[in-house]
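Structure in structure tokens, see below.
Chains here go by letter, A, B, C and D, matching the order in which they are written, and residues are numbered from 1 within each.
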Amino acid sequence: MVTLAQFGAGRIGKIHAANIQRNPRATLKYVVDVDPKAAEALAAASGASVADADRVLADGAVDGVIIASSTDTHKALAEAACRAGKAVFCEKPVDLDSVRVREVVKAVEKSGVLFFVAFNRRFDPSFSALHQALRAGRIGKVEQVIITSRDPGPPPASYVKVSGGLFRDMMIHDLDMARWLLAEEPTEVYAVGSCLVDPAIGKLGDVDTAAVTLKTASGAICQITNSRRAVYGYDQRIEVFGAGGMLRAANRTDTTVEVADGTGVIRDKPMYFFLERYAEAYRIELDHFLGCLESGARPLTGVEDGLRSLLLADAATESAKAGRPVKV
Amino acid sequence: MVTLAQFGAGRIGKIHAANIQRNPRATLKYVVDVDPKAAEALAAASGASVADADRVLADGAVDGVIIASSTDTHKALAEAACRAGKAVFCEKPVDLDSVRVREVVKAVEKSGVLFFVAFNRRFDPSFSALHQALRAGRIGKVEQVIITSRDPGPPPASYVKVSGGLFRDMMIHDLDMARWLLAEEPTEVYAVGSCLVDPAIGKLGDVDTAAVTLKTASGAICQITNSRRAVYGYDQRIEVFGAGGMLRAANRTDTTVEVADGTGVIRDKPMYFFLERYAEAYRIELDHFLGCLESGARPLTGVEDGLRSLLLADAATESAKAGRPVKV
Amino acid sequence: MVTLAQFGAGRIGKIHAANIQRNPRATLKYVVDVDPKAAEALAAASGASVADADRVLADGAVDGVIIASSTDTHKALAEAACRAGKAVFCEKPVDLDSVRVREVVKAVEKSGVLFFVAFNRRFDPSFSALHQALRAGRIGKVEQVIITSRDPGPPPASYVKVSGGLFRDMMIHDLDMARWLLAEEPTEVYAVGSCLVDPAIGKLGDVDTAAVTLKTASGAICQITNSRRAVYGYDQRIEVFGAGGMLRAANRTDTTVEVADGTGVIRDKPMYFFLERYAEAYRIELDHFLGCLESGARPLTGVEDGLRSLLLADAATESAKAGRPVKV
Amino acid sequence: MVTLAQFGAGRIGKIHAANIQRNPRATLKYVVDVDPKAAEALAAASGASVADADRVLADGAVDGVIIASSTDTHKALAEAACRAGKAVFCEKPVDLDSVRVREVVKAVEKSGVLFFVAFNRRFDPSFSALHQALRAGRIGKVEQVIITSRDPGPPPASYVKVSGGLFRDMMIHDLDMARWLLAEEPTEVYAVGSCLVDPAIGKLGDVDTAAVTLKTASGAICQITNSRRAVYGYDQRIEVFGAGGMLRAANRTDTTVEVADGTGVIRDKPMYFFLERYAEAYRIELDHFLGCLESGARPLTGVEDGLRSLLLADAATESAKAGRPVKV
């Protein structure tokens, strides 16, 4: 049985705590949060105790920590956990500044702890099955990757302000998917962005609509399209084209019901947002982390994956501003 | 070049005349219709002449005749064509009375002419591809056949009155499909019918909603469902289940466009009615008839197929009235 | 917090025990099974104790019981639970003999306990959404219901022998769905059955391939098709046709991945069997039972629904044997 | 009745000649081709005569000409037709050199003749319905356009050599679609290209795999992906995303048949290539041209559309070579 502590009792923290509770291989001992009420509520719901970071890290019974607090606290917590020899399950992004992420990379290397960066999409059953078919050679060598990623609605300005911008906050997931599917590092990034959804986002110097083109040394090409608002729900699709065919993963829906009437044949729109669409992915990534902890295996996404995706997001941010492709 | 004459200048007659005109292997020499205006209009549009039946059948240049006139005229025309040694392309049904159809069977046998009964659905590219996959053994032995057939809207009472009833007029197509797909004659027919769409149909003693179960000697089962009204268009689907899998042919649509909005994901409803859905089937069945004429090959559907489907429709009619299965 | 005890530690028992454990509203106190090893294993996995029926029913802390033991034990346990004033969650079928089920109906009426018959399909999110759309008037009055239900593979002869036959064991689920969707009792049942899948089933006097037609007083028609073997998985589809359109619920798949290659475009086959396909339904039906227990509301499916479906299954069995429709 | 002459008796010429023959509003009087055998064969099949360009253009009975000869001959023929006052139906591209296309633009303006550039995809029923829904406001303001366009197999080196390169030869169609769907001129083009399919194409300095990003003044973004080889057939899809939803047009297939077996559920791959996929589009564009000729209406795609798409293709070619975005 793995004993865990969790930093962060917000939206994503609740997901992880519930999954720990449901998982027969793990138990949640502590919940830490700057908001005592939130910490207490989640601790009560999870059979855990409220504690502060020091107590958590000093407790020898704690095998690992879930870092699901606000992004600006990730680095210090991650480094402290490394020093305390705790395995780390860290929500993305590790940090918004690549210099600081490199410091975490060093701390991880020095400590030798298990460090998992929670790129949840890799654990979605459909994306994961697509990746498996790809690696099994189902469509031969990858030539083109097309990633569609649209949120149902834009975040509030307060969030956008501290988000690091669309490329680091939202597209970073797609950049990680691109690296994973291409199985080769992109060497060039070209990005265009527009503010078409919410003028408040533009006033903050950010974009809400974007397209990125990645190219690898071998000539494979990836196109990513992002929007902060899709009225029909969370649009999460992947297409990989290769010498021997094409693999696609479509959106998921709540039901398979369709109604035919005088206007057409109507099916469900995609599931609403990430909590719904990636509910299984969150459960599976926890299992993956626990498995690595038990077996000593390398996690599918380590701190260096967090760094590399951030470097791509930085390059995209720079490209969109400068209006030219950027080498990575 | 095959020289044809056509009886009937109505809706289906226009389809056949246009297909003959477009077909490089055939030419339409005559159009015959009781309505001189209709005959003249179609003859003008087709580069043909108006004539009466006697002249058509006496003209040695005429290789074959299309019988697309009203059902009650089919038998006499078919027999006359047999006597004149003309190949016959006969719209379904050959006649509404099986005794009379047997007389046509005899006339055909005696004369040895090519006699094609136009069960157009067998020539639909999707149904035809399904049948081909079936015969190629794609799903092994057939165990269940499910046929869905719904019209967009009910015919007028005037038509219903002379139609022979739903089973002989509408379901006869599905009964022919069932025979073709089962590749074995049904030995028992059970039918239920209701009048749910238009009370006027019920007043005429007919039904507008029906379900039939067929069983063959080997135990294969077929279910057919019919309705005279589907608000979403012409619903024409087939499912064949076998020991090694299932084959299905879905409805066809005008376009592949789908729109996703706040209400769902909306695709086209099925094509409107038989003229649209089976436009290609009408062209292909003409080609088939011409091919048989040129090569001497047996047609896919001969007069005996017309008879056997009618006998199944008769049995269904009797079953629905008597409330018990009927042996065939 | 509702305290439950469970009779039966087999395949379906494990599902229910796991769902209770995961459900924050309930706790499992006892597991009862004739096989002490199975009882102990499940009790250990569920944090419950092993007990016998008498102790369970005498324990005033027990609010309700899950009856998931073998079918022949349902009646006695159900009646004992009624006498003890425990709420009952009873797996289908209540019993294979309608006379005995009527006795349970009386026991339930006399005791006034909550009695839920676990027709799991009604709780499947897709079927449930379809039903909700239907009752909301989305397609107007129901005229035709088409239910497809095929298992991936036939059960062993030992199971078939005590199953009550295909109509009572397998189709009973579809008969319950038919009643629910028609919202009107069928008055006539016609069934045909064949043994096409496994001769051992035929030797036991049962069929493995069947089709049923139901008709209601208002003239609505339902067709059900069953097979004990579908090589492509568990085929569970529903189509409801009405005056204003059609509702369909398709099969569910493990992923949304499709691969396009030189042979075609290939998607997942349906989920393998009921444990996978109805995993959510099992969770939701437990929630429904707990909700009824807490609120005193009538369950969606009571003992009388178990009886009515069995009467339809009896009628179908008789019809298939006698070769004629049977009034209900 | 419109009288036409046609330059070019090759693959696409045969399509147009057959469509003219089938069209009741037009007649084909002459066929012109440098290969006398090809000209004669097509003339014979079409009921036309073989002639040379001078005779065709001098014949006052000729209302318009179809230019379907090799690309290098388009300009001279187009200009001669303008001088002769004949309406022109010109296959794309007008010319591979934008300077020369501007000369044709001037010739058209000076003469005032109807000049139609045959961007066939605008007439595909699915793309055309998508465009109509878009213009009707179905998804609000356009924000993103995603165009997928892959050929089944690469052309021979001999063709590639004179093709003007992938962007001018193949992607020009997609660039025209982009302009049409965006309803706004792109102001910036970024292109990347690779040679992944056939090294022979790379040796000629061309690419066979490419991605383009277009941006308009209002901030709308278009992504186009091209490949010269898709083993599953001709991949022609469009997605338009807007403030109020998304419109998509999927690939078309020969049939709607699907087979379910132990490996999955398999549907048809897309139609093989442009002759199959755009068969209807070729018929409809001819009708459009004839309608413009009869009514005096402006064609949907005039010579200036040919020019603008070519300028975008030029910019893409330059961008791919220079490795930076190019302003248009």
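What we mean here is this: contacts are C-beta pairs under 8 Å (C-beta built on N, C-alpha and C of every residue); 3 or more make two chains touch, one makes a residue touch a chain.
No experiment lies behind these values; they were computed from the predicted model shown.
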{"item": "Selected interface, A-C versus C-D, where C-beta contact pairs are more numerous", "value": "A-C"}
{"item": "Farthest chain (mean CA position) relative to chain D", "value": "C"}
{"item": "Geometric centre distance via CA averages, chain C-chain A, whole Å", "value": "40"}
{"item": "Euclidean distance of C-alpha centroids - chain C vs chain D, Å", "value": "57"}
{"item": "Set of chain D residues in contact with two or more other chains", "value": "230-232, 244-246, 260-262"}
{"item": "Residue ranges of chain D in contact with chain A within the complex", "value": "141, 143-144, 146, 148, 150, 188, 190, 192, 194-197, 209-211, 213, 215, 219-221, 223, 225, 227, 229-232, 235, 241, 243-246, 323-325"}
{"item": "Complex contacts: residues of chain A adjacent to chain B", "value": "230-232, 260-270"}
{"item": "Contact set on chain B toward chain D in their complex", "value": "22, 125-126, 129-130, 133, 138-139, 244-252, 254-262"}
